[in-house]
Every structure is written in C-alpha cells, then in structure tokens.
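Next, two complexes with chain A in common: one pairs it with chain B, the other with chain C.
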Partner chain A sequence: MTTAKNLRSVPLARRLLSATWITVGLAVVVTLLVSLRYPIILVNSLVTGGMWALMAAGLALVFGVMNIPNFAHGEFFMVGTLVAYYVFTPIHKMLLKNPSPLLSVVAPFAGILLAGVVGAVVGLTIEFLLFRQLRRRSKEQWVMNTFLLTAGLSVILINGTQLIWGTEFKGIPRYWEVRPLVLLGVSLSVDRVVVFGIALVTILAFWLFMRRSSLGRAMRAVAQDEVGAQLMGIDLNLVHMLTLGLSSALAALSGASLLFMFPSYPTVGLKPLYVAWYVVILAGLGNVEGAIAGGFIVALLQTLTSYFIGVGWEDVVPTALIILILLFKPSGLFGSEVKGIWEQ
Partner chain B sequence: MLEIKGLDAGYDFLQVLWEVGLDVAEGEFVALLGPNGAGKTTTLRAVAGLVAPTRGEVLFRGRSVRGLPAHQVSRQGISFVSETLNLFPAMSVHENLLLGAYTVRDAARQQASLDFVFELFPRLHERRDQLAGTLSGGERKMLAIARGIMSSPALLLVDEPSLGLAPMLTLAVFEALQTLRRRGMTILLVEQNVNTTLHLVDRAYVLEQGRVVLQGKGADLLNDPHVQKAYLGI
Partner chain C sequence: MNRNELVGVEAARPARFRWGEWPVRVGLLALLVALPFIPPFNREDMLRWLIGAALIAAQAIAFDFTAGYINVVNFGFAAFVGLGGYTSTLLAVRLGLSPWLGMFAGAAVAALVGFFTGALTLRLRGIFAAVMAWFVGLALLGLTRNLTDLTRGALGLNAPTLLATADNRPYYFIIVAMMVLTYLALWRVIRSHIGLAFRAIGQNLDAARASGVDPTRYRVINFTLSCAFAGWLGGFYAHYYGILTPDVMATSHTVEVLAVAYIGGRGSLWGGALVAFPFIFFVEWMRTNLVELPGLHLVIYGLLLILVMVYYPGGLAELIRWAGRRLRRLER
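Here is the complex of A and B:
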C-alpha cells in the first residue's frame, strides 16, 4: 500500500500508535474475539464486507480518477440485481421441469457475470452521454455539477425502473439448491460461501489490474496528475470510459451476487450507496485500497450492531463511529494522498 | 523538424503570443529566452497541445500538429517536460518511468530506455522504489526529464529545468541535456539562465511581450548589445 511506504521514515512506535492502525488493529482484535464465541458474526461480516468493498472500491475509483461524487452508484447495484433476476429465474424454472446438475451449478454464475457486463455497458453509456458532454463544455464547479447530475440520474433510473419493471420485490431464496455446509459449528449456506469467493477473486483481479497492468497504471496516473498523464500519451477519454465502466461493473456484480439477500426493487441501491459512501469517507476519498479494507470494517460494525443491539441500529452505530474517527482524522483512516485532480 | 509560423495563442481573453515564428532543425539544440511573462511557456504549451492556438501553424516533420489533443501530440514523438514537472507523486520512480514509455509496446525497447535513463541519472537508480512525491527538487527534475525521454521522442521540449535548483544541480541537468543532444535528440529549451544557455545551444530566439525580437547563433547573441544590456547586465 502506498501509505505504508510513505510511513517508512516514521519511527515504528509512532506508526503503530497512529489512529489508522489503532482502528484497524481494534477491528481485527474485535473480530477475532467475537468470532470465537459467535462465528456467525465473522461469517456475515466477511460476506457483506466483500461486497461493500467492491461497491466502495468502484465509488472511490470514480472519485479519484474523474472527481465525480457518484450518487447514482447504487443504481448500478440495482441494475445488477435486475439482470441477475431476469437471467436466473427463467433458467431456474426450466431446470425444475428437466433437471440438469451442470446447468444448475453454472446458471447463477452466468447471471452474475452477465450482470457485471450489463453494468459496465450502462456505465460506459452514462460516461459517454453525460460526463463527457459536460467535460467538453465546462469544468467549472465540476464536483458540484457532477454531484447534481448523478443525484438526478439516480432519480431518473429509480423511477424509470419502477415504470418499466414495477415495484414488486423480485427475489430468489437462494442460488444453489444444495444443503448448507457446516463450518466451525455454524451452518453456512453455499450461496454465502460462493459470494465471498467471488468477492475475493474480484478484489484480487481488480488489485492486480490496477497495480500491474499498463492500463491500470494509466488510470492511477490520471488520478494523480491529469496533465502529466496526457503528456505521457494517455488518452483521457479512454481512461474515463474504462473507469466508469469498471466501477459500475463492480457495483452490478455485487448487486447480482447479493440477490438472495437483497431482492430487486427500484430503490434497492440506496442502502448499498449509503454504505459505500460511509466506507469511502471513512477510508479517505479517492483511496481505492483503503476502500477495500474499509468495506470489511463497516460490514463488521453493522453485523456487530445488528447482532447485539438491534437491526434498527445497523446504520446508526457505524455512522457515529465514522463521525468520531473523522473528528480526530479528517482525511479519513488511510489519509489518502490522492486528492481530487482539479484541486491540486 | 519543428516549424512554428505566425502563431497567436492565449488564455480566454488574454492573448499572449503574437505571430510567433521559429524553427528547429533535426539534431539542433535551440533555446527560447526572454523575461517573465514573455510567452515562452505558452509557446511550448501550444506545441504540446495544452493550449489551443487561435491562429498560425505548428508543423512537425512537415505535418500539422496544431489543435491535436496533448496525448496525440505526444504519440507523434514530441515530449514536453513542463515547468511544474507533472510527476505522479504517489507512484515510485520506476512506475513514473514506465508511464513515460506508456506508448512503447515493445518490452525490450522499454527496458533499453530504462537502462539508458538510469545510466544518464544514476541517482534515479538509487531511488528506484521511492515515491516521486518524496524526492528532492533536483531529483524531481531529473525524474521529469528521464520520464520525458523514456518514449525516445524525436523532439524534447524542456521548460526551465534550472528553476529553483542549486548551481551544482543546474549544471548536472544541463550536462544531461548535452549528452542527449550528442545522442542525436532535438531539443527546444526554455530558460531564464541566459548566460549559461547561450554558451550551450546552437541557436536561440529571444521572446519579448509575446513576439520574437531577436534570433541568431548562441555565440552571436552573447555579443548582441540588446542581450548584453537586458539579460547579461553588461
């Protein structure tokens, strides 16, 4: 991680005492202690945490590279649930009549993958039709204007979905009709295990892409110095398309993966959107790697709260804690060095 | 190699350049001199595609690059090392250099460029894995120039490399530019350090208030009464 590298010159004792590491350390200790008595909490935090990480990473990416505070990010989650539902349900019905073991294993993956692809296409379309047009005309008040644009887009997408697909809940009880696994004395639905696997694989692939590939490096370059990136021969339009496509694909992927927990309906994306914003604010705006860690921390807070205090408090406790952390560390936990490109 | 003809350019309602004309032949080392605000940086920015000229022509190898977006100008083989350097502060020296060779797809050529710039600036090799944002001022300049030549450009535009540097480091940077020139790179240099620059370059242009007022061989300009009075304090 870049932050860790920068801290090399700081003495070890001060480094360990910094707010960041106290919080991360506490999170790890709490997880370990709690999971000894209540393994279910660990399991649930990991499953939702993985998906919050994907949501938040996409949000952080778009803010870091394009300086857009994306309040329509939840609608990509919604698109994901919708696509997965309409791909998976017909196949599932067909399978009830003439069962095929192979297809019943593969069908959910097909739905989830296709959701990611559709999400990417929707993202590319929006970059092309909205942001590129605005960028060409004026970059003044960019953050405020794009905030309003995405807020409006969110309203349009929610109501459009309601108009076309109606308001009823479109959910599924589970993806895989298999008996639950038993792990550490907890019975675990296969769905949760697979979803956690999808999150891990996606995070790893995304991280490798950003760190190792030439295009990923170009995206980080645009986030750090837009003019510098252009002088290196990097096509900004290409990077912007890629950024929004990737970010919306990640959101759609997490929506589709969590379909068994979040049945699809027009406003299903709002809660994941708020959570992704908690995470991004907690981790530091525009810090993608921090957002991945933050996703798990917020999921842990939520699971702990709903288990010990009550589901109604699920959003209150994380928000209160985030306010506390920001009071002492206004730049967020992982103190992002990547500032908005047009504010440097 | 580079020909600028009757170039007008500026920002919004402020016109900075008035019919600027200059040319740089292949393999030549040319300087653009002049006081603050004369339009030296704007000229380079107009060539690099960061400022859109309102009139005139910019020809590179006989083809117009006027109005092209900056990334396409860069792909034509023109590399611009800006005054603000535009480094990627949260990336390592190595990653900054790799981005310099972003348009080079051939891994062997990339490695050759990397070896070359590490030979030119051994200091950067020592700092290979350090973040660019934590380098000293001189090291940043070296990194910016090194990154600028990673794509083996045909033409290198350098904006005030001596700015804010200690005399020793300025010398090192100028020596590096001379080495590049001996290797056949064409260089257009913007400088305020008139005396040193004129000893170094083949030819120079003097820009004042957005117009070219003087041009000639470096040695001739050193003896020019206007240059001596205004820039050399003789």
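Here is the complex of A and C:
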C-alpha cells in the first residue's frame, strides 16, 4: 500500500502518472473538450456536482470520524427538501397577494438555511437515540452493525414521512422569479447559478471549519485516533453529535437547494444516496477532501452519460466505471486507507 | 462485554444434531405442510401470504449464509434474486425452455455473476464488499430497466407459470420444499470443513488466516453459493407471480430480507425462516386492514430491526436457544 509518506519520495513525473492523476486529468480534459462544443454539459455538471460534493463530504465525514457507513444519508436530503418546501411555499403564496421584492429574494435563502438547521437537529437526535446507545453496548463489528442500523433508519424515515406527509410530489418550479441569464451561449436559470454559489460558499466554510477551528481539529483528531483524542481531553460524545449534525445539515442543505430539480417525495433521497456513495467509494472511504473533488467527477460522468448515451443510463455507466477504477485502485482515487482484508 | 462475547461464540456455533431437537423440527415441518388445510389458512388470500412468507423465509436462509457466517452483507441480494428470475423467464419466453429447468439456469447465471462480484470485491473489508455488491445490484437494476429490447423495461415480462393450475396450494408445497432444500443444503455446508472455515473467518479473520485458511477463497465460495440459491428462488418468484418487473431488484427488497434474517438471528440459518411466517402475516394483515396508513408496516419493520440490532443482537434464535437451555436445566 502506498502511504502518504512514501508517496512523497516518488518523483513528480511518476506521481503524475498515478491512477489518481490520470483520472483527474482525464476528467478535466474531457470537461474542457466537451464544453467547447456543448457548454451545457459543463454548466450542468458544475451545478449538480457542487451539491453532490456537499452530500459526499457529509457521508465521508461521518465515515471518517465515526466509522459509520451511513445508508440513511439520502433521507437527510429528503428532510431538507421537505423543510424547504414547507417554508418556501406559504411565503411564496403570501408574496403573490402582496409582492415585496426584498422578501422574494430572501425567502428561498431562509428556507434553505432553516432546512440545514432542521437537518442538523435530526442528525443530533439520531446520534443520541441510536448510535450512542449501540456504542454503549457493543463496538463489536461496529461498521457492519451501524450500516444495518442506518438501513433500518432509512426505512423508518422514508415510510414515516410517507405516513405523515403523503406521497404526492411537493415541488416548486423555481425559487427566484427572474429572467434566466445567458452564459457561454447557454440560457441558465438564476436558481442554478445561486445553487452553485451556495455550494461553493458552503464548501469553503466547511473546509475552514475543519482546518481552522478547534472543533474541526477535534473532529480530525477523533478521525485519526479515537483513544488518543480522548486522552487529550476531547469530549467524544460532543464530537460524535457534532459530526452527525454537520453531516446531516450538509445533506439537508443540498436537498433544499435542489428542491426545484428534486420535488420532495418520500424516496427522493434514494438517488442522491447512490451518488454520494459512488463518490465516496471513488474518492476513498472517509476522505472528505477527495469527496469534494469526486462529487464533480461523478456529476460530469452522469451528465455525459445522460447526454450522449441516454437518460436512464446515468446509474449504469458510472457504476461500471467506478468498479473498473477500483479494480486497479481498491483504496479509491485519492488513496485513503481502505484496507484489504490482508491488512486489518 | 464478557457475556456478549460468549453469546457471540454460542451464536456462531452451528446447530449440532441432537435427538432431543428432532421432534421439534419434524413437528414444525409437519405444521408447515398441514397449514394450508387448517381453516383460517386455507383461504386463497391466506395461501398467497403463506407462499410469500415461505419465499422470504428461503431467501433469509440464503442471505444469512453470507451475512451470519462470513460477515459480509450482500446488499445486492435482491438483484441476484431478480437476475435468476429474469434469466429463467427469458429462457422460457425466447427459447421455450421449461420453467423447471429455467430455474436452475437462473441459479447458474446468478452464481456466475456472484462469483465475479465476489472475486473482485471480497478481497476487501466487509463494508467495501457490501457496498460494491450494492453497486452491482444497482447496475443490474439499471440494465434491466434500460435494455428494453430484451426485458421490456419497466413494463415487465409475463413469465409462464410453473403449473397449469390456478390453485395456490401446489405452489405452496413447492416453495416449502425449496425452502427446506435450501436449508438442508446450506446447513450441510456449514457442518462440513468448509463451514468451519467460514465460521473461523467470520469470527476472527487474523486467527483464521494464521491457521492457514485462505479468506478470499472461502468468502468467494460462500458468496457464490448464496447467490446461486438467490437466483433459484428468483426463478420461483417469476414463475409463481407470472409477472416480473425491474422492481424485484430494488434495494428495498434486500432490506426486507435483511430485516427478517437479522430479527431471526444472525448465524442461525433457521432463525430468519422462523420469523418470516408470523412476520409476513403480520405485515400483510396490516397492509390489508390499515389501508389508510400506508407504510406503517415498514416503519415497524425498521423499528424492530433497529431494536434487535441495538438491544438483542442474537435475535429470535438467541432467545430460543436461551429458552432451550433453561428448559434443559429445569429437566435436570
């Protein structure tokens, strides 16, 4: 296995020829070439890519810090769409009666932000009610058990939502009633531009939080070595709650931001869940920064597939490619420590 | 902690052949055979429920064979079931092959795909293998949806039925026989030296490897066998219900089998089968009688799975073993 240490001793030319950089380089070249003729592909992959990056970063964070492979991550996305819908629609209706330019600009942001907050609260509650109880009882086969636990959780959240809010599609055509922008010859709705902006700002804030704040440092410490972190006086319970809260807030935020593309529906989280998992497996389990880059790569793959091969194939082709890549590089593109069974 | 470890060892030990348990097993089997003649269960709708329950029970046995013994959760299980069903149906529709043979062809194809999936992914840690099996399942689902020339996509295929009769009872006996065969075959493997290797790998991989057990090889054997039975049962699904849509491969079906297997008790084979019957009845009863609350049965599913996972990891099998020990102690 190539660790970070002996990777540094490899000369630059060899390093650039590694599977990682070949893939990343190819992705960039393909994007540039394609976007010369079909700028829409670039635009679409950037917009969805930003949100996939948020989803995947949350998923990778929870795996990295808490060792939980979260199968219910898509349900936080669903919670986000639901909250945004129920915040935005009444305000929108009110605005139709008595228009107010300021409120119509701010209202979507309020919905999206509130979705993030509710997502965080749901995440905290789940950590407290579920994972802490299991952690207290047994840590044997933790990864597999929590995976199954989240599978059960996903069933409950999907069907609980269906029981309470029904199965009809709750969507909106757009957040902002503004004429679309024209960029690179592509007509582009303002929603997409703003959503891309939200993704960039959130990624930056998240990165700063993880790198610069003391809580972020504590989280990284727990990810590296739980016992060591505890010995340094880090409150594990706090870090765990914070991690799941942050991760579900990110997922809910991306759900709320994409409400105009994904109308709220009990199983709306399924597709984002697959995608987040594609990304995380591609980037390497638990690798947060890799997940952000991977989000854009997978979005590009999907857009290319649905544009050139056909809608409906955008799950098949990326999956096949990911399986292929992993044959050569089982630890993921960015080489985090996914160990084979030969090296426990 | 100590108690838990002991329970783990106990749960992983296969059922030893004891004469004392024999009457119980024969009695249960006799009950299963007699069930479709006993009044509330001889109605046609009840018979359909019974068949559904036996099908889930058989799948839970095949699922537990990997999940409970080598600790790899096959998250694409439903896709392998569907693959078997589709293979068998396509052979019957296109080439006129008898469904009885087609079911075995379905098993062979599912085993083949399972073998390649396993060979590629089982070198890695359990969670990685689980997620990759899930991806393979998603890819298979996507393929059946999109290869409309072959599978008619979401419209589904009309599968010829196994028997000419519309009577449900013969089908019930067929699926119960298939369930018992699945159990006996997999139980036989678990009792053999191969099964010993499975249990060693499931309990402590390093120790197993140090004793000269090649983990990848045995895990692939196990995975392939489980997929073969999944495909076989998929054949029954197709030729009983007579209609096959890509939906059979959905992850929610895997979760259903998984929940039954885990509530029944991991590493027991029979636990899931035992739970399936009352459980599916309860679920179907809720589905028909509480129409105004759709999805409530699934919420209860999830809750039960979580409660068992957190508070009683041994499941029903562990409860029964405990009761059995108490009984034996009382006898003395």
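Here is the rule we use: the second predicted complex is superposed on the first by the 328 of 344 C-alpha atoms of A that agree within 3 Å, B and C clash if a C-alpha of one lies under 4 Å from a C-alpha of the other, contacts with A are read in each partner's own complex, and residues count from 1 in each chain.
What we mean here is this: a residue touches a chain if its C-beta (ideal position, glycine included) is under 8 Å from a C-beta of that chain, and two chains touch if they have at least 3 such contacts.
None of these values were measured; they are calculated from a predicted model.
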Message = One more residue to check, A:Gly197. First (chain B), second (chain C), both or neither?
response = neither
Request  = With the two complexes superposed on chain A, say which partner A:Pro99 touches: chain B (first), chain C (second), both, or neither.
outcome  = neither
Ask   = Where does A:Leu327 make contact in the superposed view: on chain B (first), on chain C (second), on both, or on neither?
value = second
Query = Which of the two, chain B or chain C, is in touch with more residues of chain A?
reply = C
Inquiry  = On the A-aligned overlay, A:Gln230 touches which partner chain: chain B = first, chain C = second, or both, or neither?
reply    = first
Request  = Quick one: classify A:Gly25 as touching chain B (first), chain C (second), both or neither.
outcome  = neither
Key: Which of chain B and chain C A:Ala218 touches, first, second, both or neither   = first
Ask   = Common interface residues of chain A with chain B and chain C?
value = 338
Task = Report the residues of chain B in contact with chain A in the complex, numbered from low to high.
result = 48-50, 69-71, 74-75, 79-80, 82, 85-91, 95, 98-100, 102-103, 131, 133-134, 147, 151
Request  = Please give the residue numbers of chain A that touch chain C in the complex, ascending.
outcome  = 69, 130, 133-134, 137-138, 140-141, 143-145, 147-149, 151-156, 158-160, 162-163, 167, 266, 270, 274, 277-278, 281, 285, 310, 312-313, 315-316, 319-320, 322-323, 326-327, 330, 338-342, 344
Task = Provide the residue numbers of chain C that touch chain A in the complex, in ascending order.
result = 1, 4-5, 8, 71, 73, 120, 122-128, 130-132, 134-136, 138-139, 141-143, 145-146, 205-206, 215-216, 251-252, 255, 258-259, 262, 293-296, 298-299, 301-303, 305-306, 309-311, 313
Request  = Write out the stretch or stretches of chain A touching chain B in their complex.
outcome  = 2, 5-6, 214, 217-218, 220-221, 224-225, 227-236, 337-338
